[in-house]
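Consider the two complexes below, in which subunit A is the common component and subunit B and subunit C are the respective partners.
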Partner chain A sequence: MRTYILKRIFEIVPTILMITFVVFVMMRSVPGDPVVSLLGDAYTEEDAIKAREAYGLNKPIVVQYFIWLGKLVQGDWGTSILSGRPVLQDVMIRLPVTLELIVLSMGVALLIAIPAAIIGAIRQNTWSDYTATTIAMVGVSIPEFFIGVLFLLIFSIGMGGLLPSSGWMYLPGTCPTMVCGASIWGNVQHVLMPAFALGVGRAALLTRLLRASMLEVIRTEYVTTARAKGLAERPVVLKHALKNALIPTVTVMGLQVGFLIGGAIVVETLFAMPGLGTFGIDAIIARDYQQVQGFALITAFAFVVINLLVDLTYTFLDPRIRYA
Partner chain B sequence: MRSTRLLLGLAVSLAVAIVVADVAPASAQKRGGTLRVAYGNEILGLDFHTLPGYEMLWVASNVGCGLISLTPDGKFVPDAAESWQASPDGLLYTFKLRKDVLFHDGTKLDAAAVKFTIDRHLDPATRSSIRSFLGAVHSAEVLDPYTVQIRLKYPYAFMLHMLAQYRTGLLLYSPTAWQKYSVEERKAGKPEAVVGCGPFRLVEWVKGAQLVMDRFDKYFEPGVPSLDRVIIRTIKDPVTQMAAFKNGEIDFIADFSADHVDTLRAQSPRAQIMTGKETTPMVAMMKVTVPADGKPLSTNRAPHAIFNDIRVRKAVGCYGIDRKEIVKIAFKGQATPWVGIIPPGTVDTVDVTAMCPYDPPKAKALLAEAGYGPQKPLTFELMTNTEKSVFNVIATVIKEQMARLGVTANIRLVDKPSWMLTATQDGPFDMYVEDLASLLVVDQNVYLSVSTAGWNSARHTDTKVDDFYARYAREMDPVKRKAIAKELQEYSVDKLYWNTISGSPFYQIAQPWMKGYVYQAEFKVRYHRVWLDK
Partner chain C sequence: MAISPEPRPVPPISGGSLREADLPGVAAITVPTRAAASTSPFVEGIRRLRKSVTALVGVAIVAVLLVVALFADVLAPQSPIASNQAQTFQRPSWDHPLGTDQLGRDMLSRVIHGTRISLLVGVSSVLLALFVGVPFGMIAGFYGGRIDTAIMRVMDLILAFPIYLLAIILMVIFTPTAGLIGTMKVTGAIAIVRIPIYARLVRGSVLSIKEKEYIESCRALGQHDPTILFKHVLPNCLAPIIVTTTLGIATSIIVEATLSFLGLGTQPPTPSWGWDLKANVAFIQANAWLSLFPGLAIFVTVLGFNLFGDGLRDALDPRLK
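Let's turn to the complex of A and B:
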């Protein structure tokens, strides 16, 4: 097991390097650069040339990449050309917000998906099954921004500001700013709509997947054996069937992290949240290369680590799985 | 001072339709409280002298102070300078400074600080964003600790306008803070580095989260500002802005989408909705020349394959575009159809829209004369960008209007940096839709439209345009100046190097309890007289 984990951790390094290199090259291949944004309407060609020299943007892309990498291994994630702010500092300020959003939206997804899938599977072809699958289909079909706007119209505008429409309230002790309100209740109020907006689509997908797995598992011989031994239906479903049916679901959950990060960009923009999603999209729009690299680095890292954790979860769900 | 007065007298008032100066007696004003502000875009950085973006500029107008200010009705009023005088030949401007002005770091604002700031702006290494407007400035001299004199190379009619309000205007920096901190620290918004002499001092800026400014208790104007604190955060989506506004989560929206004004009005009937005559032009710019050698920005120019022909420019940009229809569809009627190079709310503007009536038969005739018709249909690319949804709507309406002429306009949608790169670096385009910079006076348009300007995205090579601007800026007689402005605007429509569609409306929204705010279009967003009646 330890060897396996070490091997996987070792594999993370080239994966991240590859991702960051691809992002590095792609960003410099699209039209526009940070100097155009930096100079704005005071743009002159002479100033642009000087600025590109000053920030090393006139060097070959590979050279620029290795300069960035060289600094990275020393813990320097670079500085935003536009705002002059250290990238690592900004990433660390924004990471907790997105982390909380993603964890809670996955929680929302599971909270909806597990009961819906179980009901759908054990009451197959009944009204409750049809209802669960129909809702799942609708959920998959509606994009996050639309659900978000609906929530805004209902819970924020329609219900007299029941939930705050935008911004963020930090958990006590996590406030990164000097002027900041922090409370658990405030945090819950702020995260509810975004988490649901992001989670509902994932819930729908997981419901369909888990229901299919459950249908397969509850027809297996060991489940029939468990029932024949006189076990009550609840432990049969929850302890024996669900645990095994979760394996493909957990795999998909790991892969869904990428979609959640993508969805976080939309949801954070809509709800004006100070998270990594808005950080990433602002950086891309402004062609702030250093910030884009920081965003790519942290999201790539999160993605591979979460998928490593997912792989390790298999051993808990199915003790027959062993990693050499 | 005499010429200043002349300028004052003739400075046409800023286009201000609604001034929310719910002016209450000083005793009725409530002191204290926090103003919560929403911006529609992120602040890029906080080095006021070099960075672009209105959002930064609006912070600068609260943290910084200048020598003079301009009121919405076009009057110059003292800021850090208590009085000023121009020499009869217009070459010397002498400013007497107040003696009680402090920077936020506690250092005194004196004549040396003013000279220091001007010298920094003039130094190309600073890459000041107002350097292009300082062409007339020769030098600044300290006459005594509180008197500074600016010497010009030639008379410049808009010296005071420039000092007050071209972009940030001349914002005075603390020399101590400047020397102690780097430009990167100022850009990053380190409070110790961003040191002005305005009514608010920067407390913190956490990009993506918030910007906080507190009242500067030693501000030179007694009792000002009333507010304890201003918190600015970015809410990009207009629906979210409306929700936050309706719920009372924010007090003020600094830049609200024109498309959503009616909805907001219905949702929040007590909201103060502020707007004025447009000071920003919405353009459908046509490219006139291309690099003959294929190298962008080359001085060796060749005619653009389509729009170098004035007949085609006139057919498409003048008679072929129904501006009223565009305004009706894209702005729900809340903008002014316009053709002139200078938007309706800018000083010395002239309505020359009648020079370009919507006339499809005439447009078709001109196209036929230029060789286009059913046998040789005209097709061009219409570039627009994703910054504002209204650009796409306008592009779509133009495409439809072109189809009526038998012309095909293929829309190319790019993001803002791609458009900026194309516009500034002589990239390939036939026509683009965009709203350009806000203009206080015609003179300010120099950096966008003279033949040598970086932002001359049409890449016209007509030096007669340059002459108009030079004559206009140096003409000290306001009547003659107005005549030159008129001539320029008519010439511009005649040549269509610059093709305006309409004004680009600007809206600000305030809660009913926000008092004392004065609307100044995009130019300045100042909270120094704001107080909260709640």
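Let's turn to the complex of A and C:
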């Protein structure tokens, strides 16, 4: 097990290198030059050449990448050309916002999906099953931003500003700078709509997958055996059926991480949250090379680490699965 | 029909029953008649599809949307791009059933015309991905070895990316524009991120199909590889391709709407649901109706393809459930 985890951790490195390298090359093929936007109206050819030299933009792309990488291993994520701020600092300010959003939305998804899938599966073809599957079908067909807009209409405008439509309030203790406001209630108010907007779609998808695999598992012999030996329905469903049904579901949820990142970008944009999603999209559109690299790095890292966690979850769900 | 080497009547044999052992000499050979052969898996599938109410609802939604997209010019009461400063933020009325936006443009006409972009991008991006991904998957699976490794490495490279990160950067490189060219750029970006899905799917199917005896007999008959691939391998992996394509259209429409919402889709004045929704959210206090309708349009379209795709999956390939 330990060698397996070590092996996987070593595999993470090339994947991250590859993703960041491809992003690096792609961003530099984007039409437009950050130096032009940096100099703005004061643009002269001489200043532009000086600026390119100062930021190392005149060197070959591969050389530039290795310079970035060399600084990275020393803990320097580079400095934004446009804002002049260190990238790592910005990422650290925005990370807690996105982390909270994603963790809560996954919580919302699990809280809705697991009961809905269990009810749908053990009462297959009854009204409760039809209701669960219909709602799930509607849920997978609504894009996150439209759910968000509906929430805005109901809770922010309809209920006279019950929940704030945009912005952010940090949890006490997570506030990265001196200027941001922090309160538990304020944080809850700000995170509720985004977390549900992002979570509802995942919940719908999870319900559909989990219900389908529950239906398969419930018909297996070990579930019949568990019932036959006199186990109560509850442990049969929760310990024998659910745990095994979760395996294929976890796989697909792992594959969904890419969509979750997109969802975070969209939801953060809609609710004007100062998270990594808005950081990334703003950086990409402004062609802020260094910030985009920082965003790609942390996204790639999250992506591979979550996929590793998915694989490790299997051993918990099914102890027969062992990694040599 | 039973062919018997002997003139005496032989009872017809249905499959490998015990009665076969009773027969003297060479066992009777049953030759499948035309009537029996005509119930192909696809005919069976269509029959099952017609029984599913939800699938039919999906088909109906998709059909209506296709009609709306084709006849948008006729159906839309007004021009989707003609602004009218005297009539901004109108609430739904007889003149403007869905109201007007901040430029006084008729929302109903914009939603109707938006169907074109949404369906065009949804369908063509998936077809483009299909036409690139399927041949690559077939070649990789059929020939194996170095070709397989080379193709699948490239596919894995694309798959290693979080899909939205790749789609967003591709759109920034392509620089979003309006009109047909702008729509083609979005189509291209979405197709690129979807190619590996097909390549993987088809490669997996081909790997198992190429070991089948009927492929071996094709080889024994001296058929050429392209003939074997297109006439015998491809038809046998069509079911999962069709299902993935239908459900993929739903996903592509969401991705298109998302890119538009982020300002990276087809640019105005071309009407696009995602863009309209985003633009109108800014005025949500002034007119809450506006952002509702483009969003509903996206939802109904995606729902239609999802229902259709789900029905197809149940009908064509129950194993995929």
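We adopt the following convention: the second predicted complex is superposed on the first by the 313 of 324 C-alpha atoms of A that agree within 3 Å, B and C clash if a C-alpha of one lies under 4 Å from a C-alpha of the other, contacts with A are read in each partner's own complex, and residues count from 1 in each chain.
Simple rule for what comes next: a residue touches a chain if its C-beta (ideal position, glycine included) is under 8 Å from a C-beta of that chain, and two chains touch if they have at least 3 such contacts.
Fair warning: this is a prediction, and the values are worked out from it, not measured in the lab.
Asker: Could you classify subunit B and subunit C on subunit A, in the superposed arrangement, as clash or fit?
Answerer: Clash: subunit B and subunit C overlap once superposed on subunit A.
Asker: Look at the residues of subunit A and decide whether subunit B or subunit C touches more of them.
Answerer: B
Asker: Who does A:Phe303 touch here: subunit B (first), subunit C (second), both, or neither?
Answerer: The second partner, subunit C, only.
Asker: Contacts for A:Val266 in the overlay, against subunit B (first) and subunit C (second): which applies, first, second, both or neither?
Answerer: second
Asker: Who does A:Arg94 touch here: subunit B (first), subunit C (second), both, or neither?
Answerer: The first partner, subunit B, only.
Asker: Who does A:Ala182 touch here: subunit B (first), subunit C (second), both, or neither?
Answerer: neither
Asker: Between subunit B (first) and subunit C (second), which does A:Leu152 come into contact with in this model arrangement: first, second, both, or neither?
Answerer: Both partners.
Asker: After lining up the shared chain so the two structures overlap, which partner does A:Ser83 touch, if you call subunit B first and subunit C second: first, second, both or neither?
Answerer: First partner only.
Asker: Go through the superposed model and pick first if A:Ala212 touches only subunit B, second if only subunit C, both, or neither.
Answerer: A:Ala212: touches subunit C, not subunit B.
Asker: Quick one: is A:Thr44 in contact with subunit B, with subunit C, with both, or with neither? Answer first, second, both or neither.
Answerer: In the superposition, A:Thr44 touches subunit B alone.
Asker: Examine A:Val30 and indicate which partner it touches, taking first as subunit B and second as subunit C; both and neither are also allowed.
Answerer: In the superposition, A:Val30 contacts both subunit B and subunit C.
Asker: So which bit of subunit B gets in the way of subunit C here: 325-333, 433-441 or 451-459?
Answerer: 325-333
Asker: Identify the overlap between the subunit B-contacting and the subunit C-contacting residues of subunit A.
Answerer: Shared contact residues on subunit A: 30-31, 149, 152-153, 157, 165, 269-270, 285, 287.
Asker: Residue numbers of subunit A touching subunit C in their complex, please.
Answerer: Where subunit A meets subunit C, its residues are 15, 18-19, 22-23, 26-27, 29-31, 137-138, 140-143, 145-146, 149-150, 152-153, 157, 165, 212, 257-259, 261-262, 265-266, 269-270, 280-281, 284-285, 287, 296, 299-300, 303.
Asker: Which of the residues in subunit C end up touching subunit A in this complex?
Answerer: Of all residues in subunit C, those touching subunit A are 54, 157, 160-165, 167-170, 172-173, 175, 250, 254-255, 257-258, 261-264, 274, 277-278, 281, 284-285, 288, 291-292, 295-296, 298-299, 302-303, 306-307, 310, 321.
Asker: Any idea which subunit A residues touch subunit B in the complex?
Answerer: Checking each residue of subunit A against subunit B gives 30-33, 36-45, 47-48, 50-51, 79-80, 82-86, 90, 93-94, 149, 152-153, 156-157, 160-161, 164-168, 176-179, 269-272, 274-275, 278-279, 282, 285-287.
Asker: Show me the residue ranges of subunit B that touch subunit A in the complex, using the header's touch definition.
Answerer: Residue list for subunit B touching subunit A: 42, 44-45, 47, 50-53, 127-132, 167, 183-189, 203-204, 206-210, 212, 229, 231, 233-237, 239-240, 242-244, 246-249, 267, 297, 414-418, 420-422, 424-425, 427, 436-437, 447-448, 454-455.
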